[in-house]
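What follows is a set of structures for review.
The same subunit A turns up in both complexes below, where it pairs with subunit B and then with subunit C.
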Partner chain A sequence: MSNSVTVKYFGAIAEQTGISGETLELTHDLQNASQIKAYCIHKYNLNDQETIQVAINQELNDQGTVKEGDEIALLPPFAGG
Partner chain B sequence: MNENISRYSRQIKLPEIGLEGQQKLKNAKVLIVGMGGLGCPAAQYLTAAGVGTLGLLDHDKVDITNLHRQILYTEDNIGQPKAEAAQQYLKKLNSDINFHTYVENLNTENAISIIEKYDIIIDGTDNFQTKYLINDTCLLTNKPWIYASIYKYEGQISVFNYKNGPTYRCLFPKAPKNDISCEETGVIGILPGILGTYQATEAIKLILELGDPLSCKLKIIHTLTMQEQIIKFKRNEAAANTILQKPLKLETVDCQLKDNNTIYLDVREPHEQPQPEHKNILRIPLSQLRDRYREIPTHKPVNVYCQSGIRSKKAIELLNETFDFTNLINVEGGIQKILK
Partner chain C sequence: MSNKKPKKVFVDGPISPDKIATSIANHQSKTNIGAHSIFLGQVRADEIEGKTVTAIEYSAYEEMADKAFHEIRESAFEKFDLTCSHIYHSLGTVKAGEICLFVFTSSAHRKAAIEACNYLVEEIKANVPVFGKELFEDETHQWKVNH
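Up next is the complex of A and B:
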């Protein structure tokens, strides 16, 4: 497994993807958090796109570049109580 | 006082708490906004621990569908205001506590005057609009608040605005279009129990200045895998300043209709979210239909919706059978189906 990252999905995002996470190969077009978010939104046709937050290695960061072995999380807000 | 000491003896015994800590708990004032699945266990533990003043706020009444997770209520409480039913139970648990009940919604009119009376706010709400309102009011009044939210089997918890720490808007700057409540998606009853108990834990930590509060951190809990994760985040000073410089206003949960030409009848209660704004929406709660049916057009198709499609079906049955309507169409699946 060369040059890949793990992406984890939470809340309704995990329901839409049907998986809790996956491994993504980093390509020329997949180098930062916002590119990965856009890729997943497109791949799974995710709802409420502009509210999804991204974390890189358990830290909120929607702009940062990613490197091999990083863990990316896609977090949706939810409001149940 | 001796009796009081015995009541709390097991926590006073902890060297970090002691008599001094117990006095801090007695002096503390905590407001719980929303006495549902999160608010019930939080209130129960804070009452038992001897938090001196507890505010219980909820506009809603106890319903049988609440009982699987809102553990302060019994079958006898059905139909009673939650804040009052909760107080009845909690007073029996600890008569030393000074309770204040608010049978009302938190809104822009009352938020500051209620919240400023308390030291810590616990969020037991189930909608984005009130969460943003709590957030902004806590910024304006400089109070920490303890957030939690649940979705099916997953929960989130964090402490906001604690000692100039990040706020809800630093974590989620944009309000989502749709509120999805437990009513629609379902929830395992224990999940708000876990989160509400964590919220009470954080409140006690803040009061006693013990340990590391969940400030700058979002804790995510998944009950099916029992996996937990902590996501760190920082305060966005610009976002905080925008709120501080403006009067309090409700976050509009931005939702629009898919089809602007259809006529709709919303039979939900006025507090239910989301509330799309459109001239083609007529709003008559199910309970008022018998008195207000004349407002509904009879010569063109009207799409009737509620939260899930069940009440709207009942509404159509009532209107067809009693008032001879023939033009009503049920929106199966409720409000989410007609939003863009």
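Up next is the complex of A and C:
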């Protein structure tokens, strides 16, 4: 059975990944926001790692546990206004 | 004033001066208002390492941004004695000199209107997932960061 989450990328991060999002299978080592962030940073060799924030289901949450069906987002620094 | 429906904040491209004028005119029937405060964010032609910014291309995590705008607006109504408030933010390309953010607060008296307007602008800049690509005249770019 599939046990996956959606990961979305924005701004400078999407530019580096070359995609706006993907489906990620949750494994033993991919259970929380911090692990997913580390996984993506490694996979895409992302710059400015310390500025990346994570949202789980549209709420900033760098540490929370994720579950099947969640929407995870990797967000670069905000630049509104 | 809570439980207001989320309003549409994002507009495609620059915010026109006509939209701002119309918005002001729309409040003339609300005669309990004694003060409006307006903030307009304008794209600045910054010069960075010899290159000039010609435009900013805005994108957003729209689902999260819509929630954030709504929460910020709700909290402004809790903190300040407002009659109404409006926020409009651009998506897509906004050229230098054009307006990208329009925040409009109204109250019976000036203090609440001014303070709420300032509060909204600061909250938007810090807490809403909007991203800005600064485009230079030679077609290179860099990503804007709010400070």
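In this text, the second predicted complex is superposed on the first by the 76 of 81 C-alpha atoms of A that agree within 3 Å, B and C clash if a C-alpha of one lies under 4 Å from a C-alpha of the other, contacts with A are read in each partner's own complex, and residues count from 1 in each chain.
By our rule, a residue touches a chain if its C-beta (ideal position, glycine included) is under 8 Å from a C-beta of that chain, and two chains touch if they have at least 3 such contacts.
Quick caveat: nothing in here was measured; it's all calculated off a predicted structure.
Student: Which of the two, subunit B or subunit C, is in touch with more residues of subunit A?
Tutor: Per-residue touch count on subunit A favours B.
Student: Tell me which partner A:E50 touches in the superposition: subunit B (first), subunit C (second), both or neither.
Tutor: In the superposition, A:E50 contacts subunit B only.
Student: Once chain A of both complexes is superposed, is A:F10 in touch with subunit B (first), subunit C (second), both, or neither?
Tutor: After superposing on A, A:F10 lies in contact with both subunit B and subunit C.
Student: Once the shared chain is lined up, is A:A73 touching subunit B (first), subunit C (second), both, or neither of them?
Tutor: both
Student: Could you tell me if A:Q58 is touching subunit B, subunit C, both of them or neither one (first, second, both, neither)?
Tutor: Once the two structures are laid over each other on A, A:Q58 reaches both partners.
Student: Of all the subunit A residues, which ones make contact with subunit B and with subunit C?
Tutor: 8, 10-12, 51, 55, 58-59, 73, 75-81
Student: Considering only the defined contacts, which subunit C positions touch subunit A in the complex?
Tutor: Subunit C reaches subunit A through residues 41, 58-61, 63-64, 67, 89, 100-101, 121, 124-133, 143-146.
Student: In their complex, what parts of subunit B are in touch with subunit A?
Tutor: It comes out as residues 34, 36-39, 123-128, 131, 148-152, 154, 156, 171-172, 174-182, 185, 187, 192, 218, 220, 225, 229-234.
Student: In their complex, what parts of subunit A are in touch with subunit C?
Tutor: Contacts found on subunit A: 8, 10-12, 51, 55, 58-59, 73, 75-81.
Student: Once bound in the complex, which stretches of subunit A touch subunit B?
Tutor: 8, 10-12, 20, 47-48, 50-51, 53, 55, 58-60, 73, 75-81
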